[in-house]
Amino acid sequence: MVTAETAIKVRGVSHQFGVEGDRRFVRALADTSLDIARGELLCLIGPSGCGKSTLLNIIGGLMEPSSGIVEVRGQHVRGPLPADIAFVFQENSLFPWNTVIENIELGMIFQGVAKSERTARAAEALEAVGLKDFAQHYPSQLSGGMRQRAALARALSLQTPILLMDEPFGALDEQTRMILGEDLSVLLARSRKTIVFVTHSLGEAVFLADRVAVFSARPGRIKQVIAVDEPHPRKPEFVTSAKFTSLRNELYGLLHDEIRKAVQQSAAAGTAPAALGRA
Amino acid sequence: MVAAAPRRGFAGRVLMRRPWLARLIVITALFALWEIAARGFVDPLFLSPPSQVIASLDSVFGTRGVPAALQLTLFELTVAFVLAVAIGLVLGLAIGLQPLVRRSFFPIVLLLYGMPQVTILPLFILFFGIGAASKIAFGVTHGMFPVTVTVVAGVQNLKPILLIGARSMGASRWQIFRYVIFPHMVPSFFAGMRLGMSGVLLGVLLAELYVSIAGIGYFTTLFTQNFDPTKLLGLIGVLAVMAIVLNAVVRRAEAHFARWRTE
Amino acid sequence: MVGKTGERPSRDALASRLIQACFLVSLVVVWYLAATRWGVNRLLLPNPLAVYDNLLDILQSGEFIDDLNTTLGELAVAFAISVTCGLTLGYLISRSSYWIEVFDPLFAAIYSIPIILFLPLFVLFFGLGPPSKIALGASISFFPIVINTIAGFGHVDRLLVMAARSMGASNYHLFHHVLLPAALPVILTGLRMGFTTALLSIIGSETLASLAGLGHRIVHLAEAMEMARMFAYIVFVVAIAVTLNTIVSTLEARGRRN
């Protein structure tokens, strides 16, 4: 599955918010290195505020790291790379004044895709995520799960080799999440994209990932990388298998102490942990 | 808030389901009260009943100069509104799009908006004369600031994720303005236009009423001095209807352009 | 969005203060030059120094006191009336979601009419003296107060009410510990808006038709073409209005906190 070719190369990346000595200074990410192979789905998992979203934003060129470098397909990342990388965010990032179809086309307008091709690609993407009948709806008329499907369709329509997903199902309920995870697995197995997927959910990580990178509490660094050796697309039965359970338990063991540490940290700082990681 | 629902008769049930009907009854009752008071209790030199006011509306329009004055006022309102919106929008964008400019000049705009402009009404008349120019100018200064303030707010309270999303998809600065900031601003711009219309109405009517030797102000003064409440009420009623219609037009436009805000 | 922010905010704040100061100073300089050098008619634009002298004279002689008393007296009575009526009616209407639906659109509709139109009527009823100003000020400022009172009491989170009821709160307890604190911020905003509009409409009505008061004084000076003194009075009235509005806003902010 994992080919030798590297799509994303992260070298010695660390990041801090604010200036040292400042009251709001936060060391979010410490000296992280990582190789992500082409076609691989890598999950980043870790306690709140460990810098996993920060790392994702740095890979995507939305943030500049305080030190270290990121290379995407051989080029040094210095800003957004819309031709190579598409994002799906946790927060609803659809433009509320546009319908679903307009939202999907807008990304392609930004990239100068011709009108006829836009229409075709948008229709295809909508079909793929199962929203064909909701093209003319406004985001406010959709459920949270459908909004995230639309955001995924927008990202897919950009036809980038790399997809970065920042807790895309984080705000959804457990059942919606499960269904979306299953659909996503089918969809992505077909697309052969390189994907980095940030999540809080142990089950989601095991179910989707080829490899899971476990982060330590702040300042986040990669504690361990666990391989999930199971062909794509993953079947729903995988969830009830012994392999799934043992991997999930392994992750739980790795994470438990870190999460406790993170909660104590944020209690000591008197701040909500989630507020710091994302900007 | 927590409505107790005791047993009700048929009429009660009908009314419960139709608040607009009850509203209509309240309005009718108020007019009835006015009618009774004017007929029975108040000196006709001060108050005339609504039936008489409506019946003699044609005599108001028949008064020499009244139709022309009303027409001129409508013209002033329209011109002042267009100018106030245009100036307010340009000013709002100029101030709102640049953080440093916004921090410097927005407080000044807010200060001006909060000032009782009516204190400088006499100045406007001295500068621009008693004709349409002074009334339009006074309407513009009343109407433009609400537009500016809402445009600045509209540009500002954009969810950061939308900008980040657009940037991640490779939007240029112009595209971000055209496809993100501008559409986000449109509903608040229309809300601003509604407030701007209230401002323009206030400004123009203040100036009209202030100048008592011409226009609307001349006739209100005349009718007051003649103790002719029928005509005075008629004229005021016509102006109030004009204001209601103009407000309704802007409200319609606002509702139309804020369709996506159905959260 | 995402920035490497250090001490920049305070530097930016300083820069914008500087720009504001420069802007205001240059405004006065342009005014001065226009009045003294560029030959703008002195009947239209007096010398700012003359305005300053007049302002000092007004303050020292105390000639403003009568007009100020008239205006503030009208304001106090008008505001007292609108507060009493607005709070009482607003509270009563807010007790039933049905009455809210009946009256709320009605008030909003009337509020959208420029009520200044009724000034000639009030002058006809009450004459040129303070009563007509009070009537106008009270009827204009009634609306923001009643609308906000309805909004405040009428839209208290049901969950809060249910939680209090489940803990056995009596009607009095419910009002004192749940409804009032939940509604207060919105009501205070209504009171502030009511005050501002009352002040505005009283000065406005004094400008349009009156025998005394600060607005009347400005008109009087305008008719006498005493421009420098008129400008001085404008500055004075604006300063009073800004001060009063600031006090009310501060009270509102303080009331919200408690």
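Per-chain residue numbering starts at 1, and chain names A, B and C are given in the order in which the chains are listed.
Keep this in mind: a contact is a pair of C-beta atoms (placed from the backbone, for glycine too) under 8 Å apart; a residue touches a chain by one contact, two chains touch by 3 or more.
Given the structure is predicted, the values throughout are model-derived calculations rather than measurements.
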Chain pair whose interface holds the most contacting C-beta pairs: B-C
Reference subunit B; chain at largest CA-centroid distance: A
Distance from subunit C to subunit B - Cα centre to Cα centre, in angstrom: 18
Subunit A-subunit B separation of Cα centroids, rounded to whole Å: 49
Euclidean distance of C-alpha centroids - subunit A vs subunit C, Å: 51
Overlap residues in subunit B, where contacts from two or more other chains coincide: 164
Junction residues of subunit A - those touching two or more other chains: 62
Where subunit C touches two or more other chains at once, by residue number: 1-2
For the subunit B and subunit A complex, residues of the former touching the latter: 159, 161-162, 164-172, 175, 179-180, 183-184, 186, 259-263
Complex contacts: residues of subunit B adjacent to subunit C: 1-3, 16, 19, 22-23, 26-27, 46-47, 99-100, 103-105, 107-108, 111, 114-116, 118-123, 125-127, 160, 163-164, 198, 201-202, 205-206, 209-210, 220-221, 223-224, 227, 229, 232-233, 236, 239-240, 243-244, 247
Touch list for subunit A against partner subunit B, complex: 60, 62, 80, 82-83, 85-87, 89, 91-93, 95-98, 106-107, 109-111, 138-141, 154, 158
Contact footprint of subunit B on subunit C as seen in their complex: 1-2, 12-13, 15-16, 19-20, 23-24, 43-44, 94-98, 100-103, 105-106, 109, 112-114, 116-121, 123-125, 153-154, 156, 161, 196, 199-200, 203-204, 207-209, 215, 218-219, 222-223, 230, 233-234, 237-238, 241-242, 245
